Amino acid sequence: MSTTLTSRSHRGIDPSGRPRRVRVGIIGATGYVGGELVRLLARHPNVDLVGLTGRGRDHDPIGGVHQHLATLDLDIHAELPDDVDAVFMALPHGAAADLAPGLIERGAAIIDLGPDFRLHDPGDYPRWYGFEHPRPDLLELAVYGLPEFHRAELSALVAADIAIVGAPGCYPTATLLALAPLARAGLIADLVVDAKSGVSGAGREARAGLLYGEVNESVKAYGIGGHRHVAEIEQELAEITGREGLDPGANPGIIAVDFLPHLIPMTRGILSACHVRPTRPITQAELDRLYATAYEDEPFVTVVANAPATKDVTASNHVRIHVSLDERTGRILAIGVEDNLVKGAAGQAIQAFNLVHGLPETAGLEQLPLSP
Amino acid sequence: MSTTLTSRSHRGIDPSGRPRRVRVGIIGATGYVGGELVRLLARHPNVDLVGLTGRGRDHDPIGGVHQHLATLDLDIHAELPDDVDAVFMALPHGAAADLAPGLIERGAAIIDLGPDFRLHDPGDYPRWYGFEHPRPDLLELAVYGLPEFHRAELSALVAADIAIVGAPGCYPTATLLALAPLARAGLIADLVVDAKSGVSGAGREARAGLLYGEVNESVKAYGIGGHRHVAEIEQELAEITGREGLDPGANPGIIAVDFLPHLIPMTRGILSACHVRPTRPITQAELDRLYATAYEDEPFVTVVANAPATKDVTASNHVRIHVSLDERTGRILAIGVEDNLVKGAAGQAIQAFNLVHGLPETAGLEQLPLSP
Amino acid sequence: MSTTLTSRSHRGIDPSGRPRRVRVGIIGATGYVGGELVRLLARHPNVDLVGLTGRGRDHDPIGGVHQHLATLDLDIHAELPDDVDAVFMALPHGAAADLAPGLIERGAAIIDLGPDFRLHDPGDYPRWYGFEHPRPDLLELAVYGLPEFHRAELSALVAADIAIVGAPGCYPTATLLALAPLARAGLIADLVVDAKSGVSGAGREARAGLLYGEVNESVKAYGIGGHRHVAEIEQELAEITGREGLDPGANPGIIAVDFLPHLIPMTRGILSACHVRPTRPITQAELDRLYATAYEDEPFVTVVANAPATKDVTASNHVRIHVSLDERTGRILAIGVEDNLVKGAAGQAIQAFNLVHGLPETAGLEQLPLSP
Amino acid sequence: MSTTLTSRSHRGIDPSGRPRRVRVGIIGATGYVGGELVRLLARHPNVDLVGLTGRGRDHDPIGGVHQHLATLDLDIHAELPDDVDAVFMALPHGAAADLAPGLIERGAAIIDLGPDFRLHDPGDYPRWYGFEHPRPDLLELAVYGLPEFHRAELSALVAADIAIVGAPGCYPTATLLALAPLARAGLIADLVVDAKSGVSGAGREARAGLLYGEVNESVKAYGIGGHRHVAEIEQELAEITGREGLDPGANPGIIAVDFLPHLIPMTRGILSACHVRPTRPITQAELDRLYATAYEDEPFVTVVANAPATKDVTASNHVRIHVSLDERTGRILAIGVEDNLVKGAAGQAIQAFNLVHGLPETAGLEQLPLSP
């Protein structure tokens, strides 16, 4: 690889001593996640937003696509400039895997918000997403961008030649953070995840099923029998528990995730309710200690005693986790809530980006939740 | 009991041969369920709505409480007239148990929409509702008013001296109808019920947590660790399965219901997602047959192949049930949707009332769902 | 015209003495208005719904298009049967004008819910709708289907060879009913109509601007500077006031309607706030008398003392009207609320249909409003 | 007054040269506006939030009242500390007028978000708010805190002994900014303001009419015949136009504001539609120039060519203004949209506070709007 690449790879170093600036581009700036990236990165203290691309648009002002961002002096172009330090990609599955190699050649760090770099096993792509991954070699280098799980690996990318982050899906983020302390303690014998999401998770494309008149005053399940996010959830739980895999048939007591998402009449927010049958009896006090310890130093995760609402974290990178034991049935309930477009997408990607570039992890993500 | 009572007890007979008229009163007409009873009964072809009472009001026109019903020429009074044939009660728990005996004395059939006559075991009242039931003898007579479960017993009340119906709770209705075919076939080994309800289920009293600004754009769980409706669900499932009880500790494999309700930003509607680990492997085809057979003759229950939305049944007495097997995990998902104020409350109570009075079961309940 | 036509034209006569049946077809049954027509007509006591057509579908069950109507045993076909007595059309502008002549030939009454038969002046079509009307001769025969304005003309169609009803637009209905008593009394000197509509008025086609994520938690004006419904409003106000026209430049003091609609984050409902500067000072008592007299015998219009909410009339054919004088400024506020899909579309069309066929005006429209 | 007061009154001077810090207290931190003040001030670069009080609470953590702010380490106390530099008050009318004098004695700048210091004429308080103002002398000193109207006067408070800001009401902000260019040009002959607000403007107190079930899927007008915000709107328009007053009877052609607010099923946002009959014919081009000139240097006001939605400015201090001429009727439509809790309350108060303390006007208010 080129000299340029080598010099860029020291992403955390700024010999001048001045506040560090990172030149950032966004590919796929016209969707909801793209808009959220622009909103947050335009106010990030260390970022120069030098390029936006999206869906067949060129020279369009950002306000033409995202009316709320019309006061920003930014245009969407057909191409990013050559000298970007980092590229966020918010694209349909399969697209980022095709574009990433060229960007890596140019020395850019890749923060992909789609699924193309989340899964380690190339065989998962045809199985869950219906395409053959074109670069299994890059999958090996990619880090799953959940900082609470992989902080050290993300930080190590500061000095790596190639930096690829597969930012987690919206459901896996809330689910994995709710379950991690139980998984690490080997406590999950059986698992049902019943999740609820606002409609922004379905994207911005005009579909009849997402019209206001269809969504308001209604709730429905979808993705019955196998939502794609199961692949990530099982991958990360397996990694934590140190097991080879989670094939439910292979081993009694092995975790197989029953995952059911619902479409809720709201725009932002995910609540993931994880119903866990534990491997052994446990007390509420033990659960409380487990969770308090797990998250005491996390800047964005708060363990709460009462049932959290998605509105408690709207417009912020915060996650709230609640855990409780049903003494009558012996089952554990672990709930996680997030804003699907922030901690579930753009915010979390920026959190990983900060680590990859040696910036403070919370840079650009200090906003408090918005309520009511 | 009196001659009057005896003559009234032949609820289904109209010797004149004219269309049957029933004189109906409502106690507790000022809440949401009360309003829904008025809305439906005012258009019921066999009902004369002869009395409404509610919350310290007297001589108030119905439109003062329920603005949408202002065109009805009905007032709320402090007392019902003496000669009512049937009384619907929509009251906080404990109140109906106190009022029912006097009404029974007067020969009226009782359709209680609260929990006071739903549970057969008097011990369940202090345990789940915090009060001692004043008339355990009446509990023995009361019929759980889910026509799809107890049609024959409800119809038998036509000729009974005393007719008491404990109309089911909103969550149990959707949940029990979703689970019944599995329960009857002895297929439920393990059960998690994750339910979602619109806010009208929480009633009409002004509480800060139910303000629009708190509810919209948010979802949260509540009743964690023991919602009261568990008692009904377990009672009815136990009755179906023929087991003594459902104490999860007593017998491995016995059903204990893990039930978690959520508050959804919508007004009407309940979706109950029942995650069932079956007692034996089963195929989708077998499930389809089981459900088709169970509901083929039911006027208000429809089995659907695709995930139903609560909006599919809004403003109607319909329930839609979906069942599917997750082949990967072996678990069964059974979903029921209803309008919590109709099939989950007022409509179902009227359905039971029709049976108790020998009227066509669907009388006054023919409305099609309202969408969008 | 044929004998068949002649015999059909006596729409109100049923020599057999049995309850009158009308064979009805719907062209354009797949949109929101079409669905609402099906919902109401399927329960109309005098209607046999013999044919449905819609958007390139053939042999599709109604439940495939309108999931809430899946329990009806009705299919959508490419063509209506030949022997329909009446046809409702819910089509984009221009389409009904093309189809109507053929249906009239076959003797069917036409109830058009689009604009093609609302305006009397053929010149209004190119001006407001951008097309030349193909049959100005039929425009002369068409009756504007607002029964509160044109009841006698609608009833006269019972015996007419050709029956064409141009059912009013959603905004004009609420607006005209709010203004009629003032207009008849010659009291309108200056008029601003500021209207608010739920999104179902924009139809069911997938458009990005109507996605839940765009509509919820937002309000915006649209149609600035000339919404098409102005044409109807001015036509009917001019007819009432007896003036040649309402050209604001022609005559000081002549009514020109400033009409501004807004898109509100709700599905159903229109509220039209009419700000009127009166031609002379007036008292509240006089206004009250004027409105009470105007609407005392109307089955669907209620004058209310307090500000009405759209929810007061949801799912019903009711309209509520409020009028009040601002003593400080001397201006009159007249407010009308309706369900845009019922009284603003399908319900009103059925009301007109009833008159055209000599049926009771309220047949099939007795539903009470739905709230909460 | 005391030496302390004098030294504090030089609010803009920091002799040390370090970044300026201001010690800020909030009285009334428990309502929606109070919560929004905390949310914004906790992230304000120049503010130390040293005290919060609210509704009978003492030592309660902020998260107990505002769950979304639970990660802040702030408690609510019965009293503010003595040495606050500035106090924001978000209280029911009448309360701030009582508390302000004591705080002024202690040298604090007062930013009142209620109406107690908005109106210059003491006679307006009994008339519009039903109480006698206890300190008319302070009314004379108070500045109406709309920076776009009174920037110089607000900045002059840096050096004043007493600094009192009456931050504008939510409706007047959007309305006045929409109308100002027309008013300054003497173009308003007749004015109807038809405004729409989310429910957060009604506050956080539990009232049945604000329950989700009542508000969703409904719209209604309120405050018919004289909302209190009319007083502010007329005061400021009169000041601009240089007229003595706006008594509609006094002078033909004088502005009297017909103001009608509506409750919209959304949480945040106000849209004010101002229907103006101009004093003389005008062109769209002239309007465009007028508005462009008026707002070209304003940091928070943007003039837009298309109809703005409230969602375009949610969670930000931005206002968007649209103006258009209806050539057919000759009337001008001027629309303003804002987030009622930010530019309509807390954000605008902070903007004024910044000016009063010699801070950059946009400090702490740089957030971009949140959408979807």
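Per-chain residue numbering starts at 1, and chain names A, B, C and D are given in the order in which the chains are listed.
One rule holds for everything that comes next: a residue touches a chain if its C-beta (ideal position, glycine included) is under 8 Å from a C-beta of that chain, and two chains touch if they have at least 3 such contacts.
Note that the structure is a prediction, hence the values are computed from the model and not measured.
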**Request:** Find the chain most remote from chain A, comparing centres computed as mean CA coordinates.
**Result:** C
**Request:** List the interface residue numbers of chain C and of chain D, divide the shared ones by all numbers used, and answer same when the ratio is over half, different when under half.
**Result:** same
**Request:** Calculate how many whole Å lie between the centre of chain B and the centre of chain C, each centre taken as the average of the chain's C-alpha atoms.
**Result:** 38
**chain A and chain B, separation of their C-alpha mean positions in angstrom** = 41
**Message:** Two-or-more-chain contact residues of chain C, please, as numbers and ranges.
**Reply:** 32, 198, 200, 204, 211, 213-214, 216-217, 265-268, 308-309, 311, 314, 372
**Request:** Spell out the residues on chain B that touch chain D in their complex, using ranges where they run on.
**Result:** 32, 198-200, 204-208, 210-217, 265-267
**Asked** Residues of chain A touching chain B in their complex?
**Response** 190, 192, 194, 196, 198, 211, 213-214, 216-222, 224-226, 248, 256-258, 260, 262, 264-269, 271, 273, 275, 277, 307-311, 314, 322, 324-331, 333, 335, 337, 372
**Asked** Okay, in this complex, where on chain C does chain B touch?
**Response** 32, 35, 39, 42-43, 66-72, 200, 204, 216-217, 267-268, 302, 304, 308-309, 311-316, 318, 366-372
